[in-house]
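Below you'll find the structure I mean.
Each chain carries a letter (A, B, C and D) given by its place in the written order, and its residues are counted from 1.
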Amino acid sequence: MRAAFLSVCGLVLAFLLLPVLIVLCFAVNPDPFLAFPPSGVSTRWFVKFVTSRDFMAAFGLSLTLGVATVLIAGTMGTLASLALLRSSLPGRRALTGLFLSPIVLPTILTGFALFQLAMVSGVGRNPWILLAGHVVVATPYVMRTVLAVLANFDRSLEEAARGLGATPAQAFREVTLPLIRPGVIAGCLFAFIVSFDQFPVSLFLVSPGNETLPIAMFNYLRFDFDGTIAAASTVSILLAVALVLGIERTIGLQEYAKL
Amino acid sequence: MAGVVLSGVTKVFPGGTRAVDAIDLSIGEGEFFSLLGPSGCGKTTTLRMVAGFEAPDAGTILVGGQDMTSLPPERRGMGMVFQNYALFPHRTVAENVAFGLKMRSVPREDQAKRVRNALAMVRLQGLEERRPSQLSGGQQQRVALARAIVIDPTVLLCDEPLGALDKKLRQAMQFELKALHRRLGLTLVYVTHDQEEALTMSDRIAVMRAGRIAQLGAPREIYDRPTSRFVADFIGDTNILEGTASGHMLHLDGWASPLPQALPPGPCAIALRPERVRLGAPGAGLVDATVEEANFLGDAVLLKLLLPGGTAILARAPRETDAALLAPGAAASLAWRAEDPVPLEAA
Amino acid sequence: MRAAFLSVCGLVLAFLLLPVLIVLCFAVNPDPFLAFPPSGVSTRWFVKFVTSRDFMAAFGLSLTLGVATVLIAGTMGTLASLALLRSSLPGRRALTGLFLSPIVLPTILTGFALFQLAMVSGVGRNPWILLAGHVVVATPYVMRTVLAVLANFDRSLEEAARGLGATPAQAFREVTLPLIRPGVIAGCLFAFIVSFDQFPVSLFLVSPGNETLPIAMFNYLRFDFDGTIAAASTVSILLAVALVLGIERTIGLQEYAKL
Amino acid sequence: MAGVVLSGVTKVFPGGTRAVDAIDLSIGEGEFFSLLGPSGCGKTTTLRMVAGFEAPDAGTILVGGQDMTSLPPERRGMGMVFQNYALFPHRTVAENVAFGLKMRSVPREDQAKRVRNALAMVRLQGLEERRPSQLSGGQQQRVALARAIVIDPTVLLCDEPLGALDKKLRQAMQFELKALHRRLGLTLVYVTHDQEEALTMSDRIAVMRAGRIAQLGAPREIYDRPTSRFVADFIGDTNILEGTASGHMLHLDGWASPLPQALPPGPCAIALRPERVRLGAPGAGLVDATVEEANFLGDAVLLKLLLPGGTAILARAPRETDAALLAPGAAASLAWRAEDPVPLEAA
């Protein structure tokens, strides 16, 4: 029984992590094609990635976009979650359900719609429309985690603060905000990853010569086929892993898994 | 100066339930006053209206003669101890206790001194730097108490503060809370569903039922002279016997119980405490009954007996009682004095 | 205070739903461009979508792919979750954290890696590789919801069944399975939506002439620009809404929001 | 035939804690046997090993003479009532109760009859089609009980089955469970941390501490003759007085208490139940003390007094006691008979 469990788990894990393994093999293989096992270990493709002006520009844009998305989506998502859970808004149950099912709205649709809006309104594709698209896609992730911590939040803590002389604003600043911080942090990290890895929305909204990393990778692939792409993917994975480790440090992985 | 007066206070919940229904109460300064009742009786809602966390739909709340009805909680200056303690988990014990002082902009050195005093009062020195999660339930309870009294409230509100503690600790805290109340001289409004706790600690008790006050009085009065079946049943173990009154006697299934006073003829119910029922050899008392079960309580034995009509009756007998009377299936006679039964209002 | 809350919530909601509104306006507008308000209400683009052989083939492929993904990812995800939570596997805490953060692995990477695998192994792009890609992306969503119900599952229920004479297999069938069903259902619905709306993985893995709906829409957009795309998007949204309503019917939206 | 015998049963938790440490126990057929102790003492682990949910690291478990140590739970044929009831939430009351019969492939008509009987036994007729979530706590408790007894177990295991009920309901269920035990004649192993419950219901009690049995005996024996300070303190309210023994006297701070027997000279502790302490006018007893607090209990008054050395002592006085002796600050004399103190083993 136990052996069966272990092997099922191992197989699924291997299957799910297969893409990562392939990418890693390719990235360190000195030859410009995939080989099992790699014919050697080289940093050649990493060097090519880091020294490519186009890739570095795309990497910078993706990072900037990710940070801007975190700032806007984090603020908007937190405020909207508070409004949803704390007001006696009619229909707030349905709205909460809606926000908690972010993947129900296809991301390709967001890209397509904003693209049309940009075209019809005559502003054309520009970084601001791109940012708007990322924010629209990332905000529900922030709301999901913030709503989760708020749902478990003990209102009597705020009442205790009020009873001890705190105004509503003081109670929020001194008690509520510090306690929902793990949800906000987790949501912001999700938002960053969603933005950094965003493909469909970016595909519609990037302006030529001003591309995000996933789009630059996709375009490169159409003409070239070597380990540079694998190296770029590896860098993305490492960034994600670093963020997850950051979560482990700040709020704990167990805590985060619940959000 | 810090008596609490409620006049016609009413709270209607969405859906139309009258959680609190036109309550009038006058709590004296320095009194230990308990609101006692089963869950849903409106006792906590009443306390929350006094604290300012709920606004009454009608009525006024005066504290020390001043109308508090529409003041927000932070301007009422009361101390409150919550059922779950509501300690701030992200702050240390000292920071929790200092919170009310910080909100009042008390100077730092002053804060430290008063926090020390309050923690000494609840015997919690040396734990200042701990987080609430590192404390036992009893210690958390003390921190909540210290946090409430450090602001020198004239009124202290307690919502089942001992509900989460085990029996031994609860007993110890009952003694301490009473001593603290006497030392600080503040008015204490105490909400509980535990009748033993209310009897033990209070100067006066209001027994609540469905948003209204069923009976109000000193613990002995409520215990000895419950006016309604509800109160008799809620306060301690009680037997309720139903029969037909005629003069000084209550007639039951082929036997009769004396009554403390003559009652108008007709159906009548009496309440009788198990400790008032005396066991004797068969034939020697008012009625003979069969022992169904005898539970050893340590310092006494609680018996469940069956009366002739099949009604069960509880009797608390001293543990020295003849063992032959305590065996399941044994016959025993029951007796009590005329002043022991309490006639109940028809409810 | 309350008014401020309400307006914040309204604004965020409007912003997040803007893409949907744009698509709906475009889809019902009789003219082949976007207009506010629509110059009329017409089913013209819906008819064009439904009668297009290419679009219908893509729609059929997406549906088939979605169902197949649900079957495989649902089974694999449930088994792997059970294995993870029930075995005393070393490192299972870290693995659980990994599976619970599905979006950490960029989907574009999955597509790229499987594409390389297909090329290197010589099998080329085919529907099986496409299905594998969708399963890899969808399985973590199933695991997320199943792990959530399993974490709240009261083991003493299984013990009670054992004590009453049930073998481990009987206890699983009679008690465990019926009780984790909500998590499995929610996970399968997530898996379907993820597969149906999948863009980056499909982009790498579809074979020419055998495209999924999102890819067909993207390709159509490169040459034509009219309401057909909006109509196709609307159909996707309606399908997602129908699934969410299905969740509401079977396990309740509140229950699902917690998963 | 269905006695339970544990020999050298040991359970070591990951990390090395000996949750249960080489326990020997022999529970007679038809006995109501309680495992009593604070949380973490190993009582539940012991029960779970008897049920088969945990495998002992050493020792054997015999039931009715048959070695059960390595049988899976489904082949032990015992009934178990869980602390949280563990009712199947997706099945009706009738389906819950029938579960054990279904697993035994009992014919359908037979199942229905036995489910009816079991539900009648716990007085729950008419609720067959409800879901557990639609029942009150007390009703859920009865379903759990019916589900456990419907399979005619020879041994019934109960893990704090009344822990989640309120006081009144718990008392009623104690009477019912005892009557059920007598009627069915099965061996009952009962785990609880509530000393009152264990005293009330059991034929014998094993008081556990840190994986070992601290004392084993009938309720009266354990209550009256605790051998260790731990047991004395755990079972009911107790005063523990420390002094120096010499012959038949225990010398304390300037006064002395009689002892039931002569003890070797040296430091010694005695346990004394509050109900054994008699109050009198100052100067009339063994020692004078100051009343610190008096708690009205309804049928008695529990006093906390301070002895000369500053030690606190509890006394349970009849409620008829002179009110002058019950006021905080009053002086009263304390007395008890020579047979009341219980000398404790040095622990």
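Here is the rule we go by: a residue touches a chain if its C-beta (ideal position, glycine included) is under 8 Å from a C-beta of that chain, and two chains touch if they have at least 3 such contacts.
In this text, all values refer to a predicted model and were calculated from it rather than measured experimentally.
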item	value
Chain B-chain D separation of Cα centroids, rounded to whole Å	26
Distance from chain D to chain C - Cα centre to Cα centre, in angstrom	54
Multi-partner residues of chain A (each touching 2 or more other chains)	none
Pairwise touch network: line, ring, star, complete, or other	ring
Chain pairs that touch, as defined at the top of this document	A-B, A-C, B-D, C-D
Residue ranges of chain A touching chain C (in the complex, touch as defined)	1-2, 5-6, 8-9, 12-13, 15-16, 18-20, 22-23, 26, 33-35, 76-77, 79-80, 82-84, 86-87, 89, 93-97, 99-101, 103-110, 112-114, 116-117, 119-120, 135-136, 139-141, 168, 190, 193-194, 196-197, 199-200, 203, 214, 217-218, 221, 229, 233, 236-237, 240-241, 243-244, 248, 253-254, 256-257
Residue ranges of chain B in contact with chain D within the complex	167, 171, 174-175, 178-179, 182, 194, 196, 199-201, 219-220, 223, 235-237, 273, 275, 292-293, 295-299, 302, 304, 316, 328
Touching residues on chain B, where the partner in the complex is chain A	51-53, 72-74, 76-80, 82, 84, 86-90, 99-100, 103-104, 147, 151
Chain D contact footprint on chain C (complex, rising order)	154, 156-157, 159-167, 170, 174-175, 178-179
